[in-house]
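In what follows, structures are represented as structure tokens.
There are two complexes below, and they share chain A, which is joined by chain B in the first and by chain C in the second.
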Partner chain A sequence: MTTDLAPLLLEDTPIGPTAGGLYRRQNVYTGLAAGIFLGFVAWLVAHALWNSSNWGTDMVVTVTMVGWVIGFNLGVGTFNAPLRWMLGHDQTYDDELYAAGVGQGKKRYYKFCTDHKVVGTQYLVLVVVLFAIGGTLAMMMRTQLISPHSSFLSPNSYNAIVSIHGMCMIIATIIMVTGPFTNFVMPIMIGAKDMAFPRLNAMSFWVVVSAIPPLLATFVLGGVDAGWTTYAPLSVQAPPAMDAFSITMIVFVISVTVSGVNTIVTIFTMRAKGMTLGRLPIFTWASLVGAALSIYAMPALLIAFTSMITDRVVGTSFFVAGQGGTGWLWENAFWIFGHPEVYIILIPPVGAMLEVASTFARKPLFGYKVTVAGFVAISALSIMVWAHHMFTTGWAPELAGPFMVTTEIISIPTGIIFLCLIGTLWKGRIWTRLPMYFVYLFLWNFIIGGVTGIYLSDTPADEYFHGDMFVTAHFHYTLLGGAMIAATAGLCYWFPKITGKMLNERIGKTAFWMIAVGIQVTYFGMFWEGFEGMPRRVAFYDPIFQHANDMATGGAYLLMLGWIVLLYAGINSLRQGPDAPANPWHSKTLEWKVPTPVPLANFLVDPVVTSDPYGYGEPEPVGPLVMPAPDPDRELVPNLSSDNPLVRGDD
Partner chain B sequence: MSSDHPVVDEPPVLPQGDSIVAGRPFFSRPVGKIFIIWFLMTAVGVLIGIFAPHHLMPTFLSHEGTDVWRTMVLFTILAAPVAAVVYAVAAYSLIGWRHRGNQDDPPEDGPPLRGNSTVTAVWLATSSVLVLVLLAWGLTVYSAEEVSHPGTLQVDVTGQQWLWTFTYPGTGVETRSLVLPINRPVQFNVTSVDVTHGFWPAALGVQVDANPGVTTVIRATPDKLGNFTVRCSQLCGLYHSFMYAPGSVVTSAGFSRWLRSEGASTTTGQATALVKKQ
Partner chain C sequence: MAITTDPHDQGRVVEAVAGHHETREQRHFKEHLAVWLFISGDAVFLLMELFYWFYLRALNTDGMWRGVACSKANPCTDGLGNPITHEIAKSTPWYTVSIAVLVVVAAAVIWGVERSAQRQSKRSVISGGAGIGLAVLVAAIVVQCYQFGVLPFTTIDGTYASTFEFFMGSTLAHLFLLTFIVTGLWARAGRGRYDGGHWYQVRIIRIFSVWLATSTCILAIVMIAFS
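Moving on to the complex of A and B:
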């Protein structure tokens, strides 16, 4: 019993032959079938009822998309447990084991699975797919911009691609760390057996999956021609694609909110003995802050897109000037979501990146408490800066000053991240493995993203740069060069734990250099375009911008190639990489103390934490973890659902 | 050289070695080397700040545009030393503190420095002071631009998919090109007849959205002669790329001539005043 993992390894855990009930028949394919079926039924009904009315097409598209989303989630099993509960019986313990993926091998990755590690892995694949879609769209844009009047894309296709590239990447970056790493790693980091709400966890994944087909359907529904910000009134009069787009966003809000609540509750209630808030790994803090911020910001987006749908489908006029509405209302609602969203994207990867920095500098994190305070301060300030996106809209010029103040103050807590990073590097023993490469690239890029952000926070300067390529280059430096590179550092760091294989660093470093150089060339090209005054989102441009565009397009091809090489490194390592030891980096956080592959309930024995996980160079007794001697009488019961009485009794 | 031992500046027998290091000349200590890197990077940053905006941005034809240029120079020069601190420490960490040799196993642990309240306080104080300077500059420039001057030329700007119309109130002149007299404050009253557009005479360094149903205001004072392009900075549909108009800053006399050639009704007193001003 002491070191025998057998009871916890998936294949060998005995469960009843009928356990799981409906779950046994469900997977992503039944989800697709049910989604298409219900979508078709919804289309028939809507077509019969409303096609002849004034807003016929919009109503039909909206109802069809809602039908698809509900059908897909019914088919994949999202609603099984609540439906059963409504019918008067609950899931049995064996059902819970089945839903956690016991005995299903690789098939569980295609199913509604409540194991947080499966959900994390599913998210990782989804994020890669979304980045592939968004990246392909980006390449199409850059190809169009190869010459001033290229005929590669029609203006309408170009505008549609601009919008969907933007929103696809925003969705991907919001979930790129909170999906894979907060789900897979964070519960193990705090000594939990799973997330607090495993079914909601699986739901948050499958709901966001169901949001992606409507997003792609926009291309055949006329295209969203209003950019990812979909400013009204252009978006109110956009083709029916806008209805599908709105459904995507509403469904995505549900997913992120559910996942955020789950993260917060998990961190507050599921920590191991001794894992005080002061000993939380910094990535856990970052996840907590990011989740809290998403609970604040996401409802604004929900309100915005709900109003958008009612404007388009039932004839309200929130955003229609002639009937008392205003586009400024949309812009406010959108950016009340949109600025905190930047930090929802940024803070979790930064936390992951700081874990990497501490491990590979072999030093404790510098200024742990100040950094946590910095995260909290950033998120608190970030809800008060949204109107800097509206400096040039003409809305409330008298508020430009106050918003300039809050925006520039946010650079103080952001600077703390750099202090923490260089303090951690100071006198470290820098171990230059692949994850650490990306930490240095983050540092390089995010300084550039930060400094260029300061120009834009200055209203008079923004009155030149707003709406031009400088802004595009700036936020790509922060979101791609900063957040996505930090997330890549985390991916390379946790790859051995998640996949059980070591990442091929030789190919990985080739990819690194292509990505590193690609980012600089691409976005310095865009800064150049911006300095010269090229507007954003144009399919054709003045020949005076030709050279800058050549630079950006060339860099973009290199950058995309770099990501493809990195993807190849990952796939190659999955197939033929050496097996990873449990703790290849000799790191001190809890996820490295459990075996690889991680057993179902993570820990054989409940860990007791006696210090924070950054005791590098400190005497050994202050180790982060004491594993008490296993209690032979203790039944090794996975905590599959915190509302399962069997599990509750175990605590 | 054995690959088992990390190469460090200090003799390996002294694990911390600070006492030895501290006795060395400043520039052979890590702090001294970091200072050299910092100094060079700051110099590069300052040079970029001085030259890049000048070479990359268009020639600004107004006070407001010159303010944009000045802001870029000032902010870059202020940011350079701060960014250089981060870059210098990072660069030195790769030169002086990198674990060399066998990369398969982790190096020994570094010193357990968990923070330093003095460094943190200095860092926070410096960034706060810098933010105050930026704010003082930005708010001053912004409030100066918001002031309405007497004798301001009014120009009504109307955006629609996908063209700009400029009207000079009181003259009856309505054109597709924006012509402005030099050294005279001008106020653009901007609106749209369909979706939101972005009125952006880039060389004037100002920008404001054209929203349907409301009029937004932006001011500028042209101070150089020249031609420029008015572009749309807000995605406005299919031919957003083609929504631009020619613009020029001309002499006062040239402006009067142009107004008359456009059929200005010079009989009204207001128009005469408008033309005679300056």
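Moving on to the complex of A and C:
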């Protein structure tokens, strides 16, 4: 292949014309305008064509939402490069510079920007917004549950809030690490100048942004009252909100799949010289495994929601028992996605947290290869456990045993990774800064989340616990207490690199204790409710559950307050915090070797890696060059000229 | 992690935004890997489609896959106790076969375009081949749309009809995607983007088109042989 390609390397491709003025005026506002306009046009057309048919309303909502998504992405610039490619034009170097946000200051955060650091920051803001929405909905639920027969919410509103809280949080947690940190940090960690496909990277972000308004629109379209799992036949019979919900999920699948492909290609093809697979930082491995798992899992979600839409809009009968369909089909399709999804959420934050542990324990990561093997084993096993969510549904009872065994086996690699974390901390000279607090909290929470998960994987115990608050407490301990806390450790760790400011640790530690205590009180309260037999997803309950609900609600308020304080710590630090040095934690990985703020192409010279990433306790090698200080005159892009043969575009 | 600089690159300052400092070989390797990853995801989607088909067919809830077991002489009932008195007719296989053949032909033509580009053929040969591939794909789309209009059943006629039409819709969506790409291939070939041995991007399109032909044939076989 090298021989075949050799002649190509010697040739230059003529540079096409630079994209015009409209291209340079696009931003989130033009996206909003185009999305609203095209959505409205789609609504008019659909209303005229289908409103009188049996599935008219569903069709109108679906077409309107599709119009919005396409319009928004056209307006924001997502499709510029593909359309220009189709017409035979290439992006010129000047176009690429413009798309990378050169010379645009803060405006680049409001537009289709290909710089991976901008995309990472955009994702971070989006994740915070999604958590704020999901958290607010959670507090509305807990407020409803203050008393057994509260009238704060109607039962229908409560059910709708349960559903959107669930899916909003799932979306947020899936992208909470792969969005901000895999985008911002990972390319620098491996010595790359950007992600492999910068435009696809920006596309993955703006596509998911376009998915959020349809999700929120569900509240004005009747509400999704089928829970976040949207089991059929409830979801087939749900109001038109379900159509908007399905569009959200389909668009989200596109975003995550594109992001996953980009991550894998980046890791395999963009590493610096000397950055062998054995030298990859553990967070990079975690990102790689999470991305690979998403490529397996997301198509299942895509077909599930596509067929859900066709059931509702054109009358297919996949999930309609009266016409030959079955709700089991939905449950299978959903959970074939749904259980790997747990590990798509969990593995990247654990990788981030292991970086924190190694840095602050001043020790090499204990069992590096075993940890990597653990990630791979978990992801492989996670595709063979989906039916443990269906033990009580009556589907294939003879398979309950095998699925119970595979589910319990998955605790082995999980436990091994846990041991590697403890081994990393063991006898380390631990520097207890704010990120480490969250590592400790993860250790505590994940033990509880993991052990209770083993009970639920056991079919006899699951028969008892299924559908009650014990399950809710378990997965909140796992996803919030585990994944979110690990992600927060990562956020506190990389905050100086991302923002250029040191995080206010005094406020941060206050937030930490509120969060730590809030989690225990909230979810122990839910365990209590579960043990007493209180079902999930109910707006009213028997007064015998009152005390447990008091505990859970009180804890939830404390927890929410803790997150708000942490958010305040971040905002306060951005405004008033001291400037961060390039490497405040004296870490060994590459992202700390570059200046802060990070230059456009990350590295001022191409790095060559000569050792593993966790050489704590070893002297820094005396090399010819580590990294020069940034030259203000050459800060971003030294040579903007298209005449420079080094910087010409090709096909 | 210790780092140094490449002695050959010593002092060479990174000049550009990502993508523009790379050789074509690097870019093409990336694109090659990416297209295989997208195909992997699409293969999972195909497997899920097959799961839908065979699961619903095996389950045959109340005989409503195609109503095969039911007749006026021996009625069975649906889930609401209503008798099912008819068997849903199969779709004629010829449209399905035609579409599969057209997609295979399109993939073969694109393969030929890649060969032409590799041999550094004239621009008109490369462009003409791409144009033929595009025309074949448009024909496949037309046949697929026509098939929707002549099916002997509608989506509400049970799970066979639902899954059959879902497969048709899936094929149509993939055809639109490939048509978009091949339109780009044709337009770019006309502008000389693949002249002088610049064939690698055509190879990536060929890989995807061959995959699409394969998946279309698999779906066609299932739709015809396992109804």
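Basically, the second predicted complex is superposed on the first by the 595 of 651 C-alpha atoms of A that agree within 3 Å, B and C clash if a C-alpha of one lies under 4 Å from a C-alpha of the other, contacts with A are read in each partner's own complex, and residues count from 1 in each chain.
Methods note: contacts are C-beta pairs under 8 Å (C-beta built on N, C-alpha and C of every residue); 3 or more make two chains touch, one makes a residue touch a chain.
Computed from a prediction, not measured in an experiment: that's the story for all the values here.
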item	value
Contacts of A:K107 with chain B and chain C, given as first, second, both or neither	neither
Which of chain B and chain C A:F366 touches, first, second, both or neither	first
Which superposed partner A:H547 touches (first chain B, second chain C, both, neither)	neither
Which superposed partner A:G615 touches (first chain B, second chain C, both, neither)	both
Chain B versus chain C as contact partner of A:A601, first or second or both or neither	second
First (chain B), second (chain C), both or neither touched by A:A321	both
Chain B versus chain C as contact partner of A:N159, first or second or both or neither	first
Which superposed partner A:M86 touches (first chain B, second chain C, both, neither)	second
Touching both chain B and chain C, residues of chain A	321-322, 326, 328, 614-615
Footprint of chain C on chain A - complex, ascending	2, 4-5, 7-9, 11, 13, 82, 85-88, 90, 93, 96-97, 100, 102, 114-116, 191-198, 257, 260-262, 264-265, 268-270, 272-274, 279, 281, 295-296, 298-300, 302-303, 306-307, 310-311, 314-318, 321-326, 328-329, 332-333, 336, 588-590, 593, 600-615, 620-621, 623-627, 634, 637-639, 644, 646-651
Interfacial residue positions of chain C with respect to chain A in the complex	1-6, 9-21, 23-30, 33-34, 37-38, 40-42, 44-45, 48-49, 51-52, 55-56, 59-62, 64-65, 78-80, 118, 154-156, 158-159, 161-163, 165-166, 169, 180-181, 183-184, 187-188, 190-191, 193-194, 196-198, 200-201
Of all residues in chain A, those that touch chain B in their complex	155-156, 159, 162, 225-227, 231-234, 237, 321-322, 326-328, 361-370, 392-394, 397, 400-401, 404-405, 408-409, 411-412, 415-416, 418-419, 421-423, 425-433, 440, 443-444, 447, 451, 454-455, 457-461, 463-464, 466-468, 528, 531-533, 535-542, 585-586, 614-618
Sites on chain B touched by chain A in the complex	6, 30, 52-53, 56-58, 64-65, 67-68, 71-72, 75-76, 79, 82-83, 85-87, 89-90, 93-94, 97-99, 103, 106-116, 119-120, 123-124, 127-128, 131, 134-135, 137-139, 141-143, 145-146, 190, 194-196, 198, 200, 202-203, 205-209, 211-214, 216-218, 229, 231-242, 244
